[in-house]
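Take this structure, written in structure tokens, and hold onto it; I'll ask about it next.
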Amino acid sequence: MSFLSPEEWTAVLLSLKVATVAVAASLPFGIGVALLLARSRLPGMWLLNALVHLPLILPPVVTGYALLLSFGRKGPIGGFLHDVFGLVFAFRWTGAALAAAVMGFPLMVRAIRLAIEAVDPKLEQAAATLGASRIAVFATVTLPLILPGVLAGAILAFAKAMGEFGATITFVSNIPGQTQTLPSAIYSFLQIPGGELQAARLAGVSVVVALGAVLISEGVARRVAKRIGGA
Amino acid sequence: MMLEVSLTHDFGSFAVDVAFTAPAGVTALFGASGAGKTTVINAVAGLFRPTQGRVVAQGEVLLDTGRGVNLPARRRRVGYVFQEPRLFPHLSVRSNLLYGARFAPKAAPGPGFDQVIEMLGIGALLERRPGALSGGEKARVSIGRALLSKPRLLLMDEPLAALDAARREEILPFIERLRDAGLPVLYVSHSIGEVARLASTVVLLDAGRVLAAGPAAEVLSDPALAARLGGAEAGTVLAATVGETAPDGLVRLDTAAGPVWVAEPPGAPGTRLRLRLHASDVILARARPEGLSALNILPGIVERIEPEPGGRAFVRLRMGREAVLARLTQRSVTALGLAPGVACHAVLKTVAVSRDDLGAG
Amino acid sequence: DPVIFAAASMKTALDEIATEFAAETGTKPVISYAGSSALAKQIDAGAPADMFISASVAWMDDVEKAGMVLPDSRKDLLGNTLVLISDSEAPVDLPKLPEVLGDHKLAMALVDSVPAGQYGKAALTFMGLWDKVEPQVAQADNVRAALALVATGEAPYGIVYKTDAAAEPKVHVVATFPEGSHKPITYPAALIKDGPAPAEAKAFLDYLGTPKAAAIFEAQGFEVK
Amino acid sequence: MMLEVSLTHDFGSFAVDVAFTAPAGVTALFGASGAGKTTVINAVAGLFRPTQGRVVAQGEVLLDTGRGVNLPARRRRVGYVFQEPRLFPHLSVRSNLLYGARFAPKAAPGPGFDQVIEMLGIGALLERRPGALSGGEKARVSIGRALLSKPRLLLMDEPLAALDAARREEILPFIERLRDAGLPVLYVSHSIGEVARLASTVVLLDAGRVLAAGPAAEVLSDPALAARLGGAEAGTVLAATVGETAPDGLVRLDTAAGPVWVAEPPGAPGTRLRLRLHASDVILARARPEGLSALNILPGIVERIEPEPGGRAFVRLRMGREAVLARLTQRSVTALGLAPGVACHAVLKTVAVSRDDLGAG
Amino acid sequence: MSFLSPEEWTAVLLSLKVATVAVAASLPFGIGVALLLARSRLPGMWLLNALVHLPLILPPVVTGYALLLSFGRKGPIGGFLHDVFGLVFAFRWTGAALAAAVMGFPLMVRAIRLAIEAVDPKLEQAAATLGASRIAVFATVTLPLILPGVLAGAILAFAKAMGEFGATITFVSNIPGQTQTLPSAIYSFLQIPGGELQAARLAGVSVVVALGAVLISEGVARRVAKRIGGA
């Protein structure tokens, strides 16, 4: 694609990678947290709920800065993860994925939670009388039934990840080939005189790529929903 | 005792206070709509935790609120046929049917897949989703799903309500066989016919309380309860043994009250059966009548006469070990001069004994 | 390859210089453009940067205070000029700005936190105009956004750097703020400790001082110091 | 014709091809589970659009695929009692019941709220949500909801399946009254008793096709169809007029076949009734029997004998305008020397006529 | 509250106002669009779907810039609205609300749509047989049943509106008392060395205010859901 410079091409691929990894890695947590929020009667749930909403409520820059302070090389969590697991987020694409995952998490959790709350507990009871353990009930009844919600959550988070910029650039900077995602690249162009056209061009690419992914997943979700609906 | 149930709970607008025990076999829960039948079954299944309650099945304590025991539903291994089908909408009929099998111990006894789908007539539906089934088809799949989970206790909440008579006729013997193989069944039905045919024990519920509980023959032939069961449905259950088959195809059943000829093929000679005689079907005569199409004429002695509103009466006829209930008009009671101690004959049409009235012993 | 953290407004010039540098030396600097504040915080947090070019003296001071700057490597690289822009061509006599403005908006960058805004506020205060125009000031989060407000006609006037005004055909420089009215606009650059490629970074910093680089900067409207 | 239905549709695994017309009154759809009853009703309600079809109710074309007419469900003003209750979960029972009334024309006739909740026994449930109702309670509310929408056509898909006999007994006369007030009803049931009691027309469905359709008396007393309806359920329907009430409370019904004494209070003298005689309840005798508790002895002439498998036979006895079906064993047919043209007596117990067998004429 | 300067206090109130108005004004559209996306079989639906996702996929600055170009005084829509209805968005809190509404729209629509897709069409059919028109079916059956989803969508959008910054400042800039919302104020503090503490203080305020609102609405939603569930 000569329409894009090699550097931009890299940014496109990186964005896709970051968004995909962010969604894939956060999905299990998203489902787990949604389950807890929808079902658990433990007293601390409101706190978890609050925590999940934070990235939505705070300006992205703040979230990015908080990530930098905690997951940075010198941060408490970042230092620990680095020393113990050799995991480094700071200024790596993994960090961009982390930022994207965090920013998309409230959206993902909310969609999944909504779906969980809509599941008819009578079906889960039926599964229990048939001998299914809690885990089996979840895997064979709840999960398939909330699949449209899980997909919706994943789509939202993916779209968000493709557009995330504030937290990412604050956390992992804007290093071409490393952490420069499409939105960061767009931002760069918007910061220079006469960069608007370039920015618009990249925005167009972003729209095509991200929307393509979103619309395709929509199609999948629709088919899944239909399959469950019967016929 | 195979099953011991006691529970009290207050829903606010409705309070349940039920206790009964039942031996092996089918225990029927009978009662008007809203009497608390489903509530009791749910407590046995572990889906409803009453304020106070104790459920013991086959010696195992499933629930004992006093001692803080509450076995989760998944460990109770009950096969529950819910009042509404509750099929898994995202699974095919086949997967619905096979759902419970994978969680059951491999060695557990239970009917085979082919046998069950054959009996329920759902072979053609296996690849469909529940969304594309008719009401009765859903009900049948739901029965199959419970049966195939190899339960230790079967809970059936009006399982046949949505089915036609012919289909019911195919399923009832299957449940009888399961019962006879030793599977305890808690059975809710509004059909006295089904109850009389299947149940060894009947628990009569009314507004959350037990009105009567005991052996089916006793509860069903109790003239005092007859009206509540629906007078038209009252009757007696006789123990019978299949005897000779005559050349014209009729079969003699030997009962303590005398021989009864029936037209339905009830099984090989020697088979033990339960024969239900509808009180409304029994005609009484002082002298042995002749030239009637009715083939069964059993002699007996009037034991008790219980008047019923509407100019009718229930007459209990003692016949050796057994008793037969007849429902007549007071006019006939007077005309025939019936009174306790009077000898008379019970006349019963052979065809009045339908397949529905013959249960495996 | 050396990693350069540079203020976003320098992208055009710096990209061009980096290409030249790569052609000459074979080393391609990797440049991360973002707001000076974000970059400074990242450097403080241990970012793997070799060099920092800040659009604000304050953020370079911050990094230096944090002990991240390689001693003696800091220098003032560039300067810029603050101008008043408008969507019309008529020149404006700065002291008459409040009257010219009327009840319209004056677009600026954030006056308390973004350098261009701070310089602008200082200049207006120096000229005794700030109090009069303050209610009319629409603050954008950066100079480019302030420029965009003027370019789209939302605000008839704006205060931006000369470098920004030059590239936008829809706006015209209608006045230039006198040199003494605000602290000199300076873009300091410095090498950062513990970077991945200190030698190459040093070479690039030196290269930024060459006439070739200076020509590119000047073509964008910067003053080379 | 009150109702004219024809539709063809192919579900892939199941094809429907049904056509029938029905006069005023109750039209019963009868057939095994999966025969297509709900499919037909859905097409009439406007919830299912068949590939080809035409539905005309009371002269109004509701559907005509040929002419592109398809009145939306909301304009058809049918009161549909669904097979499953389908109550609105977010509304109280009261709001569920009143839901349809606000959309109906103010002047439209229909039963009153108090009358309906009284008849259904749901007065105590009005403030509850459907989630807190028992299965039978839901079914009753669902009936009430449909009735209170002031429909021009009532569609009832096994409305009483979840109810006990006593409750059924309270609802059936209500439906009879609606029918007699001129409301056409399309009624699905697996109970021949209900059908015989309510229906003027019976449509027998089998695997998506019409097996028989016509006046209830004809279809139900057709010996050829008797087995399919469940032999035990076969019988005749006689037109009867209420006569004198004897001092002992028994009531004489006058039929073209002769007087029949019954114990159930069927209404004021002169009331026209439909009296159902179960073929299995009828005993035949050559000579007029004496000294029997059975009070009703009607003379007649054997018209036709239809052998049935299992050593039984249906015997049609002509009695003037009417005919009575009796079900006997072949052995009795031989013993009594029955053959077409032979005169004999039908013996019927008074109590064999239950409330269930008396329908408003 | 002497903890906050009067100006900050204004920003807090403004943020609440902007978020509330943004959610309230966009909710009818959100429900309408969700209905279209969930139910309509029209061929152009994928385009509407794409459009709705745009603010999620594009960096906020781009969205803000797009708003400026179209809803600005000289923009085609902005000009029209101004000339015909006298509606002005530029440099007004209404513009901030518009930006917040646009940014929250994808989240809102998705939650509502998920809820609509979970409604049992059999209940709507039942309502139709009882004579209810399409609108009546929607108002009396569909809407009450999707209420938890509508509330979830509103909560998401509200939280997003409380945190929105990029599009807002680009579109309506930062005029204290008019368009300076909490996130702008927080951002300002983050732009000056040593401003972190002040930023953290305001972020804390934002968290308390926004989370308070979110958790309260959660409680409401839970009660609604329970009411529908029966008991």
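We call the chains A, B, C, D and E, going by the order they appear; numbering starts again at 1 in every chain.
We adopt the following convention: contacts are C-beta pairs under 8 Å (C-beta built on N, C-alpha and C of every residue); 3 or more make two chains touch, one makes a residue touch a chain.
If you want to know which protein each chain is, UniProt gives these names: B, D = Molybdenum ABC transporter ATP-binding protein.
Remember, it's a predicted structure, so these values are computed and weren't measured experimentally.
Shared contact partners of subunit A and subunit D are B, E. The chain with its C-alpha centre at the largest distance from the centre of subunit E is B.
The distance from the centre of subunit D to the centre of subunit E, each centre being the mean of the chain's C-alpha atoms, comes to 57 Å. Averaged Cα coordinates give subunit B a centre that lies 26 Å from the centre of subunit D. Centre-to-centre separation between subunit A and subunit E, using Cα means, comes to 20 Å.
If each chain is reduced to the centroid of its CA atoms, subunit B and subunit C end up 90 Å from each other. Within subunit E, residues 61, 65, 166, 187, 190 each touch two or more of the remaining chains.
Under the contact definition stated at the top, the residues of subunit D that touch 2 or more other chains are 132.
Across the assembly, subunit C contributes no residue in contact with two or more other chains. Pairs of chains meeting the touch criterion are A-B, A-C, A-E, B-D, C-E, D-E.
The touching residues of subunit E, counted against subunit A in their complex, run 46, 49-50, 53-62, 65, 106-107, 110-111, 113-115, 117-118, 148-149, 152, 155-156, 159-160, 162-163, 165-166, 183, 186-187, 190, 196, 199, 203, 206-207, 210-211, 214-215, 218, 225. On the subunit E side of its complex with subunit C, the touching residues are 61, 65, 68-69, 72-75, 90-91, 166, 169-170, 172-175, 184, 187-195. Residue ranges on subunit E touching subunit D, taken from their complex, read 122-123, 125-134, 136-137, 140-141, 144-145, 227-231. Taken in their complex, subunit B has these residues touching subunit A: 45-47, 72-74, 76-80, 82, 86, 88-91, 99-100, 103-104, 129-132, 145-146, 149. Within the complex formed with subunit E, the subunit C residues making contact are 35, 37, 40, 58-59, 61-62, 105, 107, 110, 112-114, 137-141, 145-146, 148-149, 152-155.
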